[in-house]
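Letters A, B, C and D mark the chains in the order given here, with residues in each chain numbered from 1 onward.
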Amino acid sequence: MMDFFVAPSILLPGLSMPSCLATVPLFAANPFTEPVGVIHYLVVGAVLFTAGIACMTLKRNALGILMGIELVLNGANINFVAFSSSYLRGEGAPTLGLDGQVVALFVILLAAAEAAVALAITLNFYNNHATVDVDRADDLKG
Amino acid sequence: MTGMLAMDISSLTDVIVPTLATTFRPAPILAALPVAGVNWHSVLFLLFAALACGFAVAVVAADNVVRMALYLVFSLGATAGLFFLAGAEFIGAMQLMIYVGGTLVLLVFGVMLTAQAPLVAIKASSSDRTLAAVAGASLLALLLTAAFSVDAWMAPGSEVVPAPSATPLGMALIGVRVDTPPPGSPAGGRAGYMLPFEIVSVHLLVVLVGAAYLARAKRRKTPRAIDAVASAMPVEPVVASTASGVASGRPAGGAKSALVGGGR
Amino acid sequence: MSNLIDDDPRIIEFDVRTDEMLVNMGPQHPSTHGVLRLVLRTDGEIVSETEPHIGYLHRCAEKIGENVSPRQWIPYTDRLDYLAAMNMNLGWALTVEKLMRHEVGEKARHLRVLIAELNRIGSHLVGMGAYGLDLGTFSPFLYAFREREKILDLFEEACGARLTYSYITCGGATADLPPGWLQKCEAFLDQFEPIIKEYHALLTTNAIFVKRTAGIGVLSREMAIDYGCSGPVLRGSGVDQDMRRDGESIYTGMYDGYAFEVAVQKDGRYPRDHSYPSVPKEAVLGDCWHRFFVRMLEVVQSMDLVRQAIDRYAACKEPLGEPMKLAEKLPVGDAYLETEAPKGQMGFYVVGNGTSIPWRVRARSSSFSNLSVTHELCRGCLIADVPAIVGSLDIVMGEIDR
Amino acid sequence: MAEFLIGLGLPGWLAWSIAALVSAVLLLNVIAGGALVFIWAERKIAARIQDRLGPTRTGGRFGWLQSLADGIKLLAKEDLMPEGADGLLFRLAPYVSFCASFCAFIALPFAFDVVGQRLNVAVFFVVAVLGLEVFGVILAGYASASKWSLFGAMREAAQVVSYEVPLGMCVVVPVMLAGTMDLVTIGEKQAGWMSNWYLFHDPFTFVIFWVYVTCAVASVNRAPFDLAEAESELVAGFHTEYSGLRWSFFFMAEYGSMFLVSALAAVLFLGGWNGPVPVAQLVGLSEGTGDSAAYFVRLLGLGNLIAKATLGVLLMMWIRWTLPRLRIDQVMTTCLKYCTPIAAVMFAGAMFWQLFLPGGLLPGWSRPAGEIREGWLEGPGGLPAAHPTTSGHNVGVAATDPSDSSGLATRSPR
């Protein structure tokens, strides 16, 4: 499992490197001693987001797709909290302040509601077709 | 008299502690340890980030739906840890309680209800896997380049910050913004969140009532004969087998009574 | 893929597809008294069908009865209902005496009433304690056994055994009571009187106990009579029948002159209900609570009978008399007699063919017919109710499987 | 602790790590020690209730080594796994359950500022983590591949999740009275005589305490609500297939959360580390007067809290050995039809009481706990009233209210 935040430059040999190569030393230095910045959280958020998208595309089980959605929502949440936290932004940098946290709060609440409805639909689907395999949900096919 | 007693004890200890400190000097080897000042905040961040990303990838990789649910629980738990580290304690606790303790319990209930024997592990074909891997990697690369392109985000975090407190968040939710506006933010009052807060609560009520209605258990007059469970694998022929729960506990042999036998 | 909903008109709507499970409340289950196996068909928590499987404790007791003389079969009757061995001995002894038309002395009759009723108290105590266990509380079991130990000490003094006594035998009893036994028995009864109130407080009036038993497993009068239930199960449904009063003369003769009231609810009132807790409003006649309450009343009733038996036994001066000889010749013919055992009407049938070995021996078990009611009572109840219902029937597998 | 080590010349980060390690080990021992004592206490109490002696022969007079004997037996027992079981989940379940129970101890204060990590959202964190124990149970039930354990797991999951609602509501009332979720502040606001305890603050909170006790007993799966391991029906519920060390982890998790729930009740309602009579203040010792005095006061506080928590656990044991078990639907109805409505009404009552009678019936009778609320309104950016910015690095508004004499500004995490 690639350790993303230590050396992203290895990951993207082929692509044209962005101008920010100069700040790579931020990561070349020992990650254990450097204070954590927003970029670290953005990387984790990106990984979660991508895993969520992959899970939604890959899984044939309706509940697998639901789990993918949860991962995507959490990826977004991490970014919101990262931008709202004064730890990570350093002195004087404009942060989202409280708004980031409140939006994250609403995302969590609405994810609960969404999961409830999605599960009700899945159970009814399972009830009608005795399976949760989404590939078998092709009744409307022409 | 008691006051006197208190004085004696405290004066006594004031003598002991300094002498103890001077005599016991850790040997210089301690200072020569290879790792300079380890920043615990970063180390914990690396731990929780590794957990979150590792289990997220494990969710994608796993086939058994129950294992996927377990890995998701660990991944979201680690995310809650990340929130705590970022200073958003209330959001971390909220994530633990609502998300992991509520939504995922709901999800696990759904898994338990539907994960009958044939549906537990639906294998994805290998071609889909490689396709998903390539698409995922490219999307990740795109996101990372975008993230690295902004220099402002690359600055390391600050050391000394105010202790996190949930009260400003609570006050914001009822409309009174008591937190100091961050430096450089536009002047003028910032909006409280009274209206969205009320809307979300009503929304949650409506949604949960709807979901409960959608998945309600309906009464029925006669006990329902179990019909054949359509196998999830299109390859296998549809086997008319009694779907008797997770582990089939069919009583061994026994008389051909109506209860046990039956040509289902 | 065709629509799988079976459009059967009887089905109004379909259920969330939870599969019905066949669940084994297996022979080694802690709450089925002894080795009873219940196959439950459950849909989630609701039990739709129950099928008891028995036979795990079968020992061919009746076949052995055809190879030994009646007095030699007494130890086998101990092992039928091992919680009330004295009543079993009494039932078999009376049946043989009915066949032989052998009259037992008055002292032996009073001794038999004394011992049988004392054993009924012991059996009901075990019933009460085990029922507490089925509902999840452990303490009443130990309170019940503390009292039962005292009864067993008395029996040990009388006949040397604590569980399988073989004390009452054809033609009387194997030995007379040792001196001083009556005073000890009376002392036990005196200290047992207030403890009954303790049991009522512990279980009968306990709010959670009432919630778990009132209105559960309601057995109607007609169904109780149809299935041939007997004893506290029958009286719990309000049927006024007790073999000690309605039985055959040879059995009821023993209880002549005893002040005796059948513990059954007649027109809404239990006998002497002034000193007992009132019936809770949720309790329906014939439910688990009433069966339990009838057993508690019978304990008090048996205590009165024992006191009267002590006085009458002390009053008759002549010796106890010898029991029948081991190899007594049985007349040709048969005899069937039902006695009121603690679990219900225990019937014994014996066929003599002139030799000292009976030609055929058969025992009619009360628990067997009481158990046959479970699939009626357990239909539609929750899984937690099944042990509550089976516990209220107070069945003993030794008696059922024989 | 860390300052002390730094004083000894250790580098900063090593000092902080050792301090964290020490508090973690201490908390672990609280659970382990607690479990040992409670195993013995449960056997003795059960015996006394059932008119018998309980363990007498193991180790000296009162059989106090019985817990050790149990421990050795559990260690020696073979850890078998049923044939159809799902290996990973089966092994993981007890540790998930134990971690959830242990994790909540981090935010639990044992005396003034003697706490693993002083969280500002301590109450919320404890209740949230308490709910996570359900996963250990569900995993155990599913992984044991037997119908009975699945029944037990589903019952327990449904029960614990549904009892979280009234539990949450009961916990909110003391938080409202104290104006903060920080357990240390809640405990400290109940200092002084017993009348300052929130239990006696107003009649509504008194009722809420008893609803809390019921919900706590239910959410920890004890006494009349122990559906999951109902011996008579489900053999032993979700941990039927476990034996040996794994089973002992479930056992420790149960005793840990029992102690936790009682300690939470003690801090929220019964004044936490403040004894019925403020002995420390009477004797003249208090936080301010020198190190050893503060240490003694905290030791006294520690004793108070552990005594109250132990009383709570003994109460649970007493209930267990007297009452029969409720049926699953009766448990659910008590939650939805009795606990939640009563908690809601009492919460509303406490709120109105707090709004209209902040000083209690007699104005001076109990210290007005509501000022923290006003303090916030005058904050910068809020209403125009100027607010004295407290010294030091605390840019935001002080979490403590100005009138609180012993107000300690929340310390900076670094």
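One rule holds for everything that comes next: a residue touches a chain if its C-beta (ideal position, glycine included) is under 8 Å from a C-beta of that chain, and two chains touch if they have at least 3 such contacts.
A quick note: this is a predicted structure, and the numbers were derived from the prediction, not measured.
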Counting only C-beta pairs in contact, which pair of chains has the most of them? A-B
Among the chains, which is located farthest from subunit D on the basis of C-alpha centroids? C
Identifier of the chain whose CA centre is least distant from the whole-structure CA centre: D
Rounded to the nearest Å, the gap separating the Cα centres of subunit A and subunit D is 33
Using mean CA coordinates as chain centres, what's the subunit B-subunit D distance in Å? 22
Cα centre of subunit C to Cα centre of subunit D, whole Å, reads 48
Can you work out the whole-Å distance between the CA centroids of subunit A and subunit C? 67
For subunit D, what residues touch not just one other chain but two or more? 147
At least two other chains touched by the same residue of subunit A: list those residues. 123, 126, 129-130, 136
Mark out which residues of subunit B touch at least two other chains, giving numbers and ranges. 37-39, 90, 94, 102, 104, 109, 113, 159, 161-162, 168, 177, 179, 181, 190, 215, 227, 230, 245, 249
Of all residues in subunit C, which touch subunit D in the complex? 21, 23, 29-31, 45, 132-139, 142-143, 146, 203, 206, 208-209, 211-212, 382-387
Contacts from subunit A onto subunit B in the complex sit at residues 1, 3-5, 8, 11-12, 15, 18-20, 23, 26, 30-44, 46-55, 57-64, 66-67, 70-71, 74, 77-78, 81-82, 84-95, 97-102, 104-106, 108-117, 119-124, 126, 129-133, 136
Sort out for me which residues of subunit B touch subunit A in the complex. 35-39, 41-43, 45-46, 49-50, 52-54, 56-57, 59-60, 65, 68-69, 72, 75-76, 79, 82-83, 85-88, 90-91, 94-95, 98-99, 102-104, 106-107, 109-111, 113-114, 119, 122, 124, 128-129, 132-133, 135-136, 139-141, 143-145, 147-159, 161-162, 168-169, 172-173, 177, 179, 181-185, 190, 193, 196, 200, 203-204, 207-208, 210-212, 214-215, 227, 229-230, 232
Which of the residues in subunit D end up touching subunit C in this complex? 46, 49-52, 147-148, 151, 224, 226-227, 230-235, 321-330
What residues of subunit D sit close enough to touch subunit B in their complex? 7-14, 16-17, 84, 86, 88-89, 92, 119-121, 124-125, 127-129, 131-132, 134-135, 138-139, 142, 145-147, 150, 154, 157, 161, 164, 180-181, 282-285, 289-293, 296, 376-377, 379-383, 393-397, 399, 410-414
